[in-house]
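In the two assemblies presented below, subunit A is common to both, partnered first by subunit B and then by subunit C.
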Partner chain A sequence: MESPLHHFEVHNIIPIHIGGLDLSINNAVVAMWVGLAIVAGSFMLVVSRGVSPIPGKLQSILEIVLEFIRNLVFEFIGEEEGKKYVPFIATLFLFILACNLIGLVPGSYTITSQVVVTGAFACGIFIMTLVIGFSKHGLGFFCILVPPGVPKIMIPLMVPIEIVSMLARPISLAVRLFANMTAGHTILAVLFGLAMTSPLWVSWMPFGFTIIINGLEIAIAFIQAYIFTTLTCVYIGDVVKLH
Partner chain B sequence: MSKNNGLRQGMQIAFRLGTELTVATLIGALLGHGLDRFFGTRPWGLAVGIIVGGAAGCLNVYRAAMLLDMEDDDDNNS
Partner chain C sequence: MPQFEQVSVFGSLIFWSLVSFGLLFFILKKFAFPPILEALEMREKKIRDDIKDSEKLKNDAQQIKKELEETLNAAHDKAETIVQLAHDEAKKNQEKSLQETEAKVRQVQKDAEQEILSLRNKLLQEIRSYTATLTIASTEKFLKKVLGEEDKKKLVDESIEQVIAELEKRQNN
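For the complex of A and B:
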């Protein structure tokens, strides 16, 4: 029987080595390209057909999604400030959602189950919030480390706590997405392994569970993409508003 | 189905809050350990780091829970 973690392995498809760098095209990269192609392709399809006042099926789906994300951004960042972040947040949401959903197709690769990928997203967002904060508030940004209404005597205690809590944010963001996807897919693989190896009179049970959990995984793909983008909005909003 | 939905949401919330607490405590411990190595003050940095990290974790959990509360209110109002 195959190991249940087998489908997380990365295989090189086209090996490319430049200098000491391994830039090979592997199955993870291909899965990412497919995600990009789906997101960009669906929007290009709508735009190339001409955006009509009476939307077609695809156009209305995309409009609903974009409106939903815009409301999310406006709620957490504010209407004036939020406008410039809508494209970034929308891209983030759609790309993570596409990658999560692609992972559910049997035989494909779940790119978000790699902590490298989610960590890169989270680090990028963390650095982005720092840049936004410093460019917006200058050195006044440091007062994010002191929550409002804290008595002066508590400040030496609160500053390290706030620093740790700030540093923990990107890591918990990355770990949450990665752990959810990995756990779900491992459960699927274990159950399917049971269904394949057990005799027929019991194998219907794990097989049924596989189907149920697959449905659950679709929901989790949406929820995790939503949580990731919501928290990104919250972090950017915190930095923009400074309390 | 709606009951199942509630359970799933509950699991999601538990997982979300759980990671906040764990990650913050680990970060605090790592920072403390790093400071220990740098200044050679073993084991005080680690001990203080874990406590500070735990406090930061509680703060993060509190903030996340307040956010959930806000979402809940929105659901009830709409």
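For the complex of A and C:
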């Protein structure tokens, strides 16, 4: 029986090496591009037809997604301040959702099951929150390390705790998405492998479970994209409002 | 796990995922999001305005309904008053007409009684005259002689009394 982790292996398709750096296009990148092409294609299709006041099916779906993200951003960052972050947060949600969902197509690849990818995004968001915090509040941004209402005597204790808490944010953000995607696909691979190798009178059971878990994975794809996006909004909201 | 073991692909995965995200962000922010978000905001604004307008219309309608109800009540009261006045007037007219008719009837009755009485007297006078002539003539013929004035008078009075008594007797029957 093949290892259930086998399908997490990345295979180069077009080798590209620039200055000793391997930038080869591989199966994970191609799968991601397919997912992103569907997202971008859907939006461009609606826009090229002209955004109608009475929306069609596709326009309705895209409007629901955008409205949902906009409300999320307004809730955590605030309406005035949040407007400029809506495009970024919406793109982030659609990017993660597309990558999560495209990975459920047999033979495809979930790039969000790569910890380096989720880590890159989490670190990027963390750095972005720091930039926003310092640009908005200057040195006053350090106030974020002291929760409101803490007695002065507790400050030397609270500051290191808050620093650890801040640093844990990108780690938890990255690991949560990577672990969920990896676990889901591993379970699917184990069940499907079992269905393929078992005798016919037994194999219907793991095969049935594969279908059920696949349905569950679709829900998880949405939930994880939602969690990643919500936490990003929370982090940005924290640095914008300083508690 | 391959995700930790294939270190050589880390660079390409990070690079292409960030580049792809950046490209997607650029495309969506530049071309896709503005018209859709604008349409959303316009629709929301239209819905808000429509709700506001409908609330205003509802308030106006309630105000008009209230005014109409007040007008209707006033008209109803006025109509009741008019009906009452008409009823009173009709009653008054009816009573007046009845009184007039009664008076007229009484007058007619009185006139009729007067006329009857007059006719009766006249008739009695005529009867008296005829009876007198007839009685005298009959008596003269019967007695073959001419009666004196005093006998004539006595005879005539007796005959008249008798005739009148007979007539009254018949009238009563």
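Descriptive notes on the structure:
Definition applied: the second predicted complex is superposed on the first by the 243 of 243 C-alpha atoms of A that agree within 3 Å, B and C clash if a C-alpha of one lies under 4 Å from a C-alpha of the other, contacts with A are read in each partner's own complex, and residues count from 1 in each chain.
Please note the rule applied: a residue touches a chain if its C-beta (ideal position, glycine included) is under 8 Å from a C-beta of that chain, and two chains touch if they have at least 3 such contacts.
These numbers come from a predicted model, not from an experiment.
When both complexes are overlaid on subunit A, subunit B and subunit C end up sitting side by side without clashing. In the superposed pair of complexes, A:M32 makes contact with subunit C only, with no contact to subunit B.
When the two complexes are overlaid on their common chain A, residue A:L242 makes contact with neither subunit B nor subunit C.
When the two structures are aligned on the shared chain, A:I218 is found in touch with neither subunit B nor subunit C. In the superposition on chain A, contact of A:A90 is made with subunit C only, not with subunit B.
In the superposition on chain A, contact is made by A:I227 with subunit B only, not with subunit C.
In the superposed pair of complexes, A:V150 makes contact with neither subunit B nor subunit C. After superposition on chain A, the vertex angle at the CA centre of subunit A, spanning the CA centres of subunit B and subunit C, is 100 degrees to the nearest 10.
In the superposition on chain A, A:N180 contacts subunit B only, with no contact to subunit C. Contacts of A:A168 after superposition on the shared chain: subunit B is touched, whereas subunit C is not.
After superposing the two complexes on their shared chain, the closest approach between C-alpha atoms of subunit B and subunit C is 18 Å. Residue overlap on subunit A between the subunit B contacts of one complex and the subunit C contacts of the other is empty. Residue ranges on subunit C touching subunit A, taken from their complex, read 1-4, 6, 8-18, 20-21, 23-25, 27-29, 31-33, 35-40, 42-43. The residues of subunit A lying in touch with subunit C in their complex are 5-6, 8-10, 12, 16, 21-26, 28-29, 32-33, 36, 39-40, 43-44, 46-47, 51-53, 55, 59, 62-63, 66-67, 70, 86-88, 90-92, 94-95, 111, 113-117, 120-121, 124, 178, 182. Only residues 8, 12, 15-16, 19-20, 23-24, 27-28, 31, 52-53, 55-57, 59-60, 67 of subunit B touch subunit A when the two sit together in their complex. Across the complex, subunit B is touched by residues 160-162, 164-165, 167-169, 171-172, 175-176, 179-180, 216, 219-220, 223, 227, 234 of subunit A.
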